[in-house]
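The structure follows.
The first chain written gets the first letter, and so on, giving A, B and C; residue counts start at 1 in each chain.
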Amino acid sequence: MTQLSIQTLAMYIGGTIDTADQARLEDSIHGVNKIEDAGEGEVTFLANAKYARFAETTHAACIIVDHDFQPPTGLRSVLIRVAQPQQAFLKLVQYFEARYRTSIQTTSGFRHPTAVVADSARVDATASIGAHVIVSNGCSIGAGAALHSGVVLYDNVSIGEGSVLHANVVCYDGTRIGARCLIHAGTVLGADGFGFAERTDGSFEKIPQIGTVVIEDDVEIGANCTIDRAALGSTVIEQGVKLDNLIHIAHNAVLGEHTAIAAQTGVSGSTRIGKRNRIAGQVGFVGHISTSDNVVVLAQSGVSKSLDNKGVYFGSPAKSHADALKQEAALRQLPQLLKEFRALKTELENLKAQQQSSS
Amino acid sequence: MTQLSIQTLAMYIGGTIDTADQARLEDSIHGVNKIEDAGEGEVTFLANAKYARFAETTHAACIIVDHDFQPPTGLRSVLIRVAQPQQAFLKLVQYFEARYRTSIQTTSGFRHPTAVVADSARVDATASIGAHVIVSNGCSIGAGAALHSGVVLYDNVSIGEGSVLHANVVCYDGTRIGARCLIHAGTVLGADGFGFAERTDGSFEKIPQIGTVVIEDDVEIGANCTIDRAALGSTVIEQGVKLDNLIHIAHNAVLGEHTAIAAQTGVSGSTRIGKRNRIAGQVGFVGHISTSDNVVVLAQSGVSKSLDNKGVYFGSPAKSHADALKQEAALRQLPQLLKEFRALKTELENLKAQQQSSS
Amino acid sequence: MTQLSIQTLAMYIGGTIDTADQARLEDSIHGVNKIEDAGEGEVTFLANAKYARFAETTHAACIIVDHDFQPPTGLRSVLIRVAQPQQAFLKLVQYFEARYRTSIQTTSGFRHPTAVVADSARVDATASIGAHVIVSNGCSIGAGAALHSGVVLYDNVSIGEGSVLHANVVCYDGTRIGARCLIHAGTVLGADGFGFAERTDGSFEKIPQIGTVVIEDDVEIGANCTIDRAALGSTVIEQGVKLDNLIHIAHNAVLGEHTAIAAQTGVSGSTRIGKRNRIAGQVGFVGHISTSDNVVVLAQSGVSKSLDNKGVYFGSPAKSHADALKQEAALRQLPQLLKEFRALKTELENLKAQQQSSS
């Protein structure tokens, strides 16, 4: 476990130590945490007056504060004073994150003896291959790429420079992954698309799915997602796309660059999502539609038609967010409306009766 | 395969055998089943008159019945008479369940030679480690815990006493699992939370996710779930929580003790679910909200605001179940209302016309 | 990589080559593709006049066309003329698909040395077992079946003739899979059903789940699905059923033959889906209901009651599609109705006032 003394840490962020007890300068810090949760050996920060009350109760070994911070009476933590506490803290987060990344990844050039790598695979000397990994015929693994334990690559899979596949990711035949991608554990890329021709008796004949999946550069895909291979051609995840967990992308779908999709959303076959879309969780898209660039779709929406203009959409079926809100508000008034309507009908009947009797 | 003779089984449940054919007392029983499905070698029971007709047709080797049961003419099964057939049967279910557990788990102290266990890992002598399991640096595995084939533990994972991880479960760096937990196959604990800062050009910068996941004691988690690590601090599943399959729990969420959640539900980041909540399937919770203790949320609901009072909620957006039912009932009347409204308008026009002509 | 020369390919589909450059007859073809995407070494086809414009720009090595096709000026591809281009192309798709299947599957009789196969397992001599596969006690694997890398079979699992389990599929104790099934990567069959008895303090006691899962013949199941074992008896997927990805089937559910279900749908406990149902994506079924044969349920529906008649259903809660459309149309008019209703009320008040003043 990488550790820093408080003294070294203060130097690293260019801060001034403020403590009565000089012996503590040698205390070890091994991680970062929120002030309300931080414990021994952890560093935290204070940038928001709302959290100042935690300075008295926190168990953090040290707190990064600004130059004006007034220490409370019961303070136990060492203070490190800097001009901008939040930025200094972020620098530490990245420091410990780098350490964490090193610790979970096999190191550069690592080959675990239990990995099975086909003779015909081209694996860069700086790529690292974890335990029980399978790299099949014709695969190519770029510089600095890392395959964690239990990853299975079928034939002819290519993994770009610096990409990381977490444990038990499966890439079917021909999957292509670009550079600097991060694929989380249990995700399956390139399984057969869901395509069947119905026979007259209602049974099915499989339509061969012989296309592939292309993941461009700088894509992150969450855990236990499924991205199917195309029937013909490619399912494409363009550069910079970010996918959360348990997302389903069907055959021949295309996700435009820098689009982000939250957990449990599904995109049906041949649908094209535009660039920089922001799709919330549990959304569904029917097949063979498209969305414009810069579209926002809110949670649990069901998109049944193409969205040709940028904007915010909501509902099942999805409509403009403004219309959806109007309908929802109207719907809340509907039970009352029904009552009033019945009353009004009676009134009108009375009025008619009166008029007839008076005429 | 563990087996019991009918004679031993009757002794085990304290019952009296009722059969004309004493030779059958030595017949072997190897499992339990429902009376309509039971076959040779299986024991079943009859506690409900509704199922009595199956006594004549069942292929069960023996049936547990009460003292008053009148055997039908065509009965082929041996009868075992007890005071409370259902309770006696449950005792047998637990007996065979224990056998089943033994058969699928590696036995106490087992180490499959293909498992990869880091030197720095502390594995209790009574824990069992299946084939192709990875236990990385700094892990600790408690007494009687069992890791099935293909489980991958990254660095510094701790597994409490008696917990069972089924095949291909993945625990990222630092995941902590308490005692007597049961995690089903393919579940991923501790993958990165979904956190990105948007750049001005619409592309994303990853926010490091360096917190962890804490699973307290007596938690059961279904198959292919994903529970993400916190950005900072911990995602927490409190004691006694039960999760079904394909559930997504985002970074920094907290599930209160003894809460149960059905399949395919998602909980967004930093949301806190109270104690003893009962959440149905395919429900979604937005981020940064909370629910009270003892809340019930019905299937496919979308919870977009905190639920501050216990009670039953339904709908997307979720409202009190009573309100949701009223709206749904009103909605069913809406097409008719529209027709009647148009008729009423016409009537009113007529009335006005009449009034004007008469005045 | 299997390849065909253009000459051989033309013979294979019984076509006539039409090119000015005889040297190209020896060019190698290694795959099929759509005309707009096809590149070097790929064959495509033209059957629809709408796509004829791509003939000029495609990089395909050759195009299958009919006898009347007029080549454009800039054509670079070799033409192969046949009576029915689409059918000839499908024959090639199947040819390359067979090649693809061979390449990703281990070959007949293959045993990877890292596979762990119990002595008591019966594995047909023609079955193939990939790297790091686990086959536990009492399993039986039929002729020609293939288990890809990382598949885990617990005790007493049976796999029928010709069935293929993709990487990291997990089958718990006693799972039975019929002939010619295709199970995609990461799917978990036979995990415990979600069954608990609530104690008076709101905590749970597990109800043992000791039934099993039965998958009949010719079933295809997508990636990362979960099909739970029954509490007692069996969860049954009848012959010919096709399931997409990330589907959840709960304990004791039954899916009738030749039913197809799209991604992310969930079926709750003991629910029986009829034969030849067509269920769209993200649908939910509550427990203990049934559907008739030939039922269609549209996307994101929530089925809360048995559907006793064939037909098309939609909505949450699901109703007949016709009623759902009427309600949706009415709902769109509701905000306007509310306005008009208020206007009408005012008018009626005026009318009453007039009448009173005039009487």
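Observations
One rule holds for everything that comes next: a contact is a pair of C-beta atoms (placed from the backbone, for glycine too) under 8 Å apart; a residue touches a chain by one contact, two chains touch by 3 or more.
Everything numeric here is computed off the predicted structure, so don't read it as measured data.
Shared numbers divided by all numbers used gives the overlap of an interface; between chain A and chain C this overlap falls below half, so the copies present different residues.
Chain copies chain B and chain C are related through a rotation whose angle, from the C-alpha fit, is 120° to the nearest 5.
Rounded to whole angstrom units, the spacing between the C-alpha centres of chain A and chain C is 25.
Under the contact definition stated at the top, the residues of chain B that touch 2 or more other chains are 114, 132, 150, 168, 186, 224, 246, 264, 282, 300, 316, 331, 334, 337, 341, 344, 348, 351, 355.
The touching residues of chain C, when paired with chain B in their complex, are 114, 116, 132, 134, 136-138, 150, 152, 154-156, 168, 170, 172-173, 186, 188, 191-192, 194, 196, 201-204, 206, 208, 210, 224-226, 228, 232-234, 246, 248, 250, 264, 266, 268, 282, 284, 286, 300, 302, 304, 316-317, 326-327, 329-331, 333-334, 337, 340-341, 344, 347-348, 351, 354-355, 358. Across the interface of their complex, chain B is touched by residues 1, 31-34, 37, 93-94, 96-97, 100, 103-104, 112, 114, 130-132, 148-150, 166-168, 182, 184-186, 218, 220, 222-224, 240, 242, 244-246, 257-258, 260, 262-264, 275-276, 281-282, 294, 299-300, 316, 328, 331-332, 334-335, 337-338, 341, 344-345, 348, 351-352, 355, 359 of chain A.
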